[in-house]
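Labels run A, B, C, D and E following the written order; every chain starts at residue 1.
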Amino acid sequence: QIAIGHLADYSGGTSDVGTPYGQAVADTFAWINKSGGVGGKQLNLDTNDYGYQVPRAIALYKKWSAPDTKVAAIMGWGTADTEALTGFLAQDKIPDMSGSYAAALTDPEGTSGKAKAAPYNFFYGPTYSDALRAMLMWAADDWKAKGKGGKPKFVHMGANHPYPNAPKAAGEALAQELGFEVLPPLVFALTPGDYSAQCLSLKSSGANYAYLGNTAASNISVMKACKSAGIDIQFLGNVWGMDENAAKTAGDAADGVIFPLRTSVSWGGDAPGMKTVMEISKMSDPTGKVYRPVHYVAAVCSAMYMKEALDWAAKNGGATGENVAKGYYQKKDWVPAGMEGVCNPSTYTEKDHRGTMKVDLYRAKVTGATDGDLNDLMAKGTIKLEKVKTVELPRKPEWFGW
Amino acid sequence: MVATSLEVRGVSLRFGGVRALTDVSFSIKDGELFSIIGPNGAGKTSIVNCISGRYKPTEGQLLYQDRDITGLTPNARASLGIGRTFQNLALFHHMSVLDNIMVGRHHLLKNNFITGSLYWLTGARKEELAHRRKVEEIIDFLDLQSVRKAQAGTLPYGLRKRVELARAMALEPRLILLDEPMAGMNFEEKEDMARYIVDLNEEFGMTVVMIEHDMGVVMDISHRVMVLDFGRKIAEGDPAAVLADPHVKRAYLGEEDEVLVDPDDKPAAPECAA
Amino acid sequence: MAGPALIPAGDFRTTYAADTTIFPTKTSRNFAIAGVLLLCLAPQFFGGYWLSILIQIGIFSIAALGLNILVGFTGQISIGHAAFFLLGAFTSAYISNNAPIPVFFAIPLAGIVTALVGLVFGIPAARLKGLYLVIATLAAQYILLDFFSRAEWFSGGSVPASAEPFSIFGYTLRGDKQYFYVVLAYVLASYILVTNLMRTRDGRALVAIRDHYLSAEIMGINLTKYRTLSFALAAFFAGIAGALYAHYQQVVSQEGFGIERSILFLAMIIIGGTGSIMGTLMGTAFVVLLPESMEWLSLHLKGGAIDHALSLNTNITFLREIAIGLIIIAFLMFEPDGLAHRWRQIKAYWKLYPFSH
Amino acid sequence: MNTAFLIQLLVNGLVVGTLYGVVAMSFVLIYKATQVVNFAQGELLLVGAWVCWALLAKYQVPFWIGMPMTLVFMFVFGIAIQVLILRPMIGEPIISVIMVTIGLSTVFQAALKWMFGVNPQPFPRVFESQSVNLLGLQIQTVYIMSLVVSVAMMIGMAWFFRASKYGLAMRATAFNQQVAQSLGISVKSVFAMAWAISATVSAVAGVVVAVVNGVSSGLAAYGIKVFPAAILGGLDSVGGAVLGGIIIGLLENIAQYVDSQYLHWGNLYEIAPFYVLIIVLMIKPYGLFGTHDIERI
Amino acid sequence: MSDVAHIERPSPSVVPPPLLSVRNIEVVYDDVILVLRGLSLEVPKGAIVALLGANGAGKSTTLKAISGLLKTEDGEVTRGEIMFDGSAIAGIDPDKIVRRGIFQVMEGRRIVADMTSLENLKLGAFTRSDREVDADLDMVFNYFPRLKERTGLAGYLSGGEQQMLAIGRALMARPKMILMDEPSMGLSPLLVKEVFAIIKKINRDLGVTILLVEQNARAALSVASHGYIMEQGKVVLDGTADELRDNEDVKEFYLGGAGDQRKSFKNLKSFKRRKRWL
């Protein structure tokens, strides 16, 4: 048996997105086991809901890093636990495939000079910064396409907190470069509240594009407040701040928001790999009828990358943390077997953990009232995710690490 | 010539519309046992509060050992040697009796939060023990041995009053203000308390200002008495004479008074009274 | 009440010195020493998991001890303690990264810096009481966190700051087994210092202020000075604890140090018993161990008969959270004065055994 | 000087401020009667929001029936909490009771997520027109409802505490439970009443914020957010709580104005109220309307 | 308890049933501190009974045991029973006991400091729903005119004024029985007399039964018909007021000197005679 640690947040502050993500990881590993495991060995996934609390994550990690029960790898989760574990991971040589996409985690050797070395941190998907870069590029084109004159105005919105701030500098720098007028950032808290004041500021400053850096609940508040104040602005969402459920809650306020997807299609999308995803989903939903949000599909990709790294390690000297990490470096532009067309091809090297530079941008379309079951809403097409554009970012060295 | 311990000059105190004190003046000599009496709400506690710094007089001046203390904070007055007890008990409820009394010595101790924490290394221990010895003397004097380690909040009323006295004594005050030290005590306990107060005055040489409603006690042990009524001084002087004053009788004692006034049993004034 | 009656008969004191010892009896002192010695052996016996739990208990208990000075002894509630903890962590990381000062000295320095900042935020304490003060501390929490988000030079901004591993005179300690002793040393030192403080002049002044500030003032205690001082002391221990945490994790991030954590610190001392030094340690252990034991329980329920009966699977996480809340509530209903109080009663019971009164 | 912008912000501050006031009021109610800082206030609000949501969205009850049902439910719920959890704590140290409310908030958070899921949910459309125009600003209709309700409740509460026998009883209980009991006041029922009213009032606020933001566990943050409002007004003053709420609402919006027009600091919106609060408290240590402690010995 | 020293007296032919009877109660604080050790006493309907005793004897504890307030101080009646008006009241909540007609004036005034005097008095009438509350208010203001003048918060009243308020508040409840804990404490001689006159008057005019705990034994025995003396949690002596007044020990320890010759506080000897009944 190969032991894997799994940190999930089903009950804490990020449980809305943590639940589908964690479920997908659990399902994928169950499915892997069902289809024969890795190198003939079953995977023993130790799923733990740590409620987004750092001390609990550390305690769990210590369990997993103890010599006699050491895990081969960890499926991590959020910013909080990933940051807390970074130092330990490097010491103990245990790879952590997390859901925290901070650019600072992509620098395994610390060569970028922008962050500390994080040799054992991995994730699947574009960094927060790259996602924002892609959206800005789209916005620049959009502005031209609309044929409006003058400089478009861009504003970064979010709490004064590491998560929303992570892509701020990168975004503003690129916006400048692309000819945007960059407005002073607008702050709103991570919790739902009344953000009409921010909306009025948007209006008075005449902003055209606004990045919403927070998680869903507070982004919804902003979108709704701006909608009812009648403000015309193009919102740019972020990976964790916009999804089917957010669109449902925000209703027509979410109509037209652009946001990045980590996979090239969403649930039910037209891709060969989607069949595998559906199979995996049956692990916890035998009926196969439940709609799975974007985080589920992305998490399946993460877990499948981990699986292939484990595969390689098992064949090349055993599934130790060190070998698993090396497993990631073996191929270029690869997609895990069975996930074709779903996961974006990724490349990990000893020097650069930016897996993919490809960002798929989607637009939320909401037509009509959104109360009711998400399954129905998606089936009826009341809520739709439309692909807008796929941006291939160049792997620029100056974008490395931030 | 005996030095003046305290001089109160034209003190007035107002709370919004309430005139608690109006132009009260008196002076207390060193070593005197001075009583303040008066009807309820006359302003007795208020004057003591002015002396100990709890209240700031609206008008007037307070001189302690010829020094103007009107503007001083209460804690500064404690270091000058003014101690007091309270009418409605004000002990530190959750502390032991011993600690309560040790708090009284606060201004006499030197160690601080750093030297105190380092205890063995900085002499704090030595200092604490030295003062503990002093406190034990007070405990012996007031017969508090058996409750030394008890929580002050659980003591019966009478003992609490005694602990308060002990705490005030621990300050080593030159001037001690006692606000109704015998309220709520039975006769026997009053006897004890009276004895302690007399000892404070005679043995320890403290100047005592006492507010008390028990005329027997006031008559017997005080050297001089001042009477307040509606915030004004209405009489001052020799206890027997003051109590015989018809104004005082009307305002305070009630007409037919059963307290025996025995002119021969008058306490001696301080040795070298002027 | 642990009155004099509870000291076993035959244990006479002949000197005042003997009466001021930390431990009321010889046995209790021997037990304490044996306990510490046993703890010293802990790394030999415990796996990484338990060791890390012990380390966390140790670190948090230092911060909680500071908070207990403020809440338990001086009677001022603070819900900004986590921010001071974080300040200590960032400061120590900053000092050891940017100045030629080894971590060994950076930790106490961080404590001092935090104490100074605590002093500033303690100024309103001189005037405010009760809940009004609580809100001032809440403001401290927000203002400090806002500062951390802004001051990239200091905290790394959106990137977590890194902290050096603990080193002393060129020798670097690595791994939990070694770090455990660092924490143990700090815990012992902190608890002894605070115990001493509380039995000397300034400690008594703090308690006196809590019990009756008006009469404390008249007993010669400068209220302003001691109220701000207790903030500084609380911040000092929070800073030390934060620094220890920083060098344990080797990264410092804002994540997870909002009001929730401040409230958790409060939980530690209330559950342990406000105003009790040993209680602080017990309360911290309780708060750290409760989720862990629930985790353990839920793990063992998984797949069992109860699991099937209730079809728990994902629900178990919520049941576990509910259980944590309910246990805290039940505990307080059963023992509102905290663990320290129960502990004293148990001791009293055994001393008086077999007589119940 | 962008006057139109400023006026719109001020109107918004006023409107949102009354909502803060309502939550602060529910908070002050419990404090006033029991001296307990209720850290589960936000969760009470959340319970109200979810219950109303369930009635409206799940069971398709019309709003004008669903809302009163929610209020009745919350009234009973408040009593139930008091009877089951807080009653045994009567007479215990206040700080322990405060801790119990912290425990309660954990329980509520988890239980609500369990029952209603972890995803935010949209609140069914309640009013015909979502917003009305006030001085050039589109205000959500539901805020107007909260405005009306809060004013009505404020007057009611002020009367209750000043003139009614039970109001007096509640104040006496807050002062000292032992004394209250010695006067024949049932501390238990006073507390139950306080929790019941507070829960009901929070439910009103809960529904308002749910209509505006959708329902999600994050709404509980309002509980902590109104702390400054309650304090600014003075902890034991119902009218003060509402006024405190309005001031905080205005402050946030003015801060936003100053920030977006001049300073570009970023976080002034969130932080400025705290700075102002500290300054106000340094001048008026008991808030604007709080009664001073009696310092008499 | 058997060691109670009864003063022999002819028993009256008709014994009215006592309104309150406390039988052999034991009270423990905090689960460990035993304070009352088998205390019994009876208060006949319409009588004033004095309960005297040294500090810490447990007088206040006795009153709190009767009024149920013990609970609020972590105290508990562990043995014995308390009968009021024919039913057992031990263990009942204090507010219910008030509704049954026992009102305690607690030691140390305990007025509600942040309310006005008027509000305090109104609170006294909390359990009443009749229309005579206002008339009774006037009655109280008649007894204590000073209270009417002080319209500010009660917390700022002087000690004596607060005491008046506390007594007035009890009157407002119109109870069957008042338990008074040291009503004369801190009052001026003039007011002490007034208070005792009022006690007598409410007993006579309103028919209120009174259990009076007092340190001013002389005054207490002058209004009471019967008295109990407590030491260390037990009744050690009881009898009619006259009998007690004539008892040598009572004279010495409670009334201030044997014989009618009052000794001066100034010239006290330090030695103390052992109490005979111990």
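Just so we're on the same page, a contact is a pair of C-beta atoms (placed from the backbone, for glycine too) under 8 Å apart; a residue touches a chain by one contact, two chains touch by 3 or more.
Only a predicted model underlies this, so the values are computations on that prediction, with no experimental measurement involved.
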item: Farthest chain (mean CA position) relative to chain D; value: B
item: Chain whose average C-alpha position is farthest from chain E's own; value: A
item: Averaged-CA centre spacing for the pair chain E and chain A, given as whole angstrom; value: 74
item: Between chain A and chain B, centroid-to-centroid distance (C-alpha), Å; value: 73
item: Between chain B and chain C, centroid-to-centroid distance (C-alpha), Å; value: 42
item: Whole-Å gap separating chain A and chain D, where each centre is the average of the chain's CA atoms; value: 35
item: For chain D, residues that touch 2 or more chains besides their own; value: 110, 113, 266-267, 270, 297
item: Chain A residues counted as touching two or more neighbouring chains; value: 10-11, 19, 160
item: Per-residue overlap in chain C, given as positions that touch at least 2 other chains; value: 1, 146, 149-150, 214-215, 318, 320-321
item: Chain B residues within the chain E interface of the complex; value: 15-16, 18, 37-43, 45, 87-89, 154-159, 180, 183-191, 194-195, 198, 213, 215-217, 220-221, 251-254, 257, 259-260, 262, 265, 267
item: Residue ranges of chain C touching chain B (in the complex, touch as defined); value: 1, 3-4, 16-17, 19-20, 193-194, 196-197, 199-205, 207-208, 210-212, 214-223, 229, 233, 275
item: Parts of chain C lying in touch with chain D, wherever the complex brings them together; value: 71, 77, 124, 127-132, 134-136, 138-139, 142-143, 146, 149-150, 214-215, 259, 263, 266-267, 270-271, 274, 315, 318-322, 324-326, 328-329, 332-333, 336-338
item: List of chain A residues in touch with chain C within their complex; value: 10-11, 19, 23, 48-49, 51-56, 58-59, 61-63, 65-69, 79-80, 83-84, 86-88, 91, 102, 104, 114-116, 160-163, 165-166, 168
item: Chain A residues touching chain D - in the complex, by the definition given at the top; value: 10-11, 15-16, 18-19, 160, 184-194, 196-198, 200-201, 203-205, 216-218, 220-221, 224-225, 228-230, 245-246, 248-251, 369-372, 374
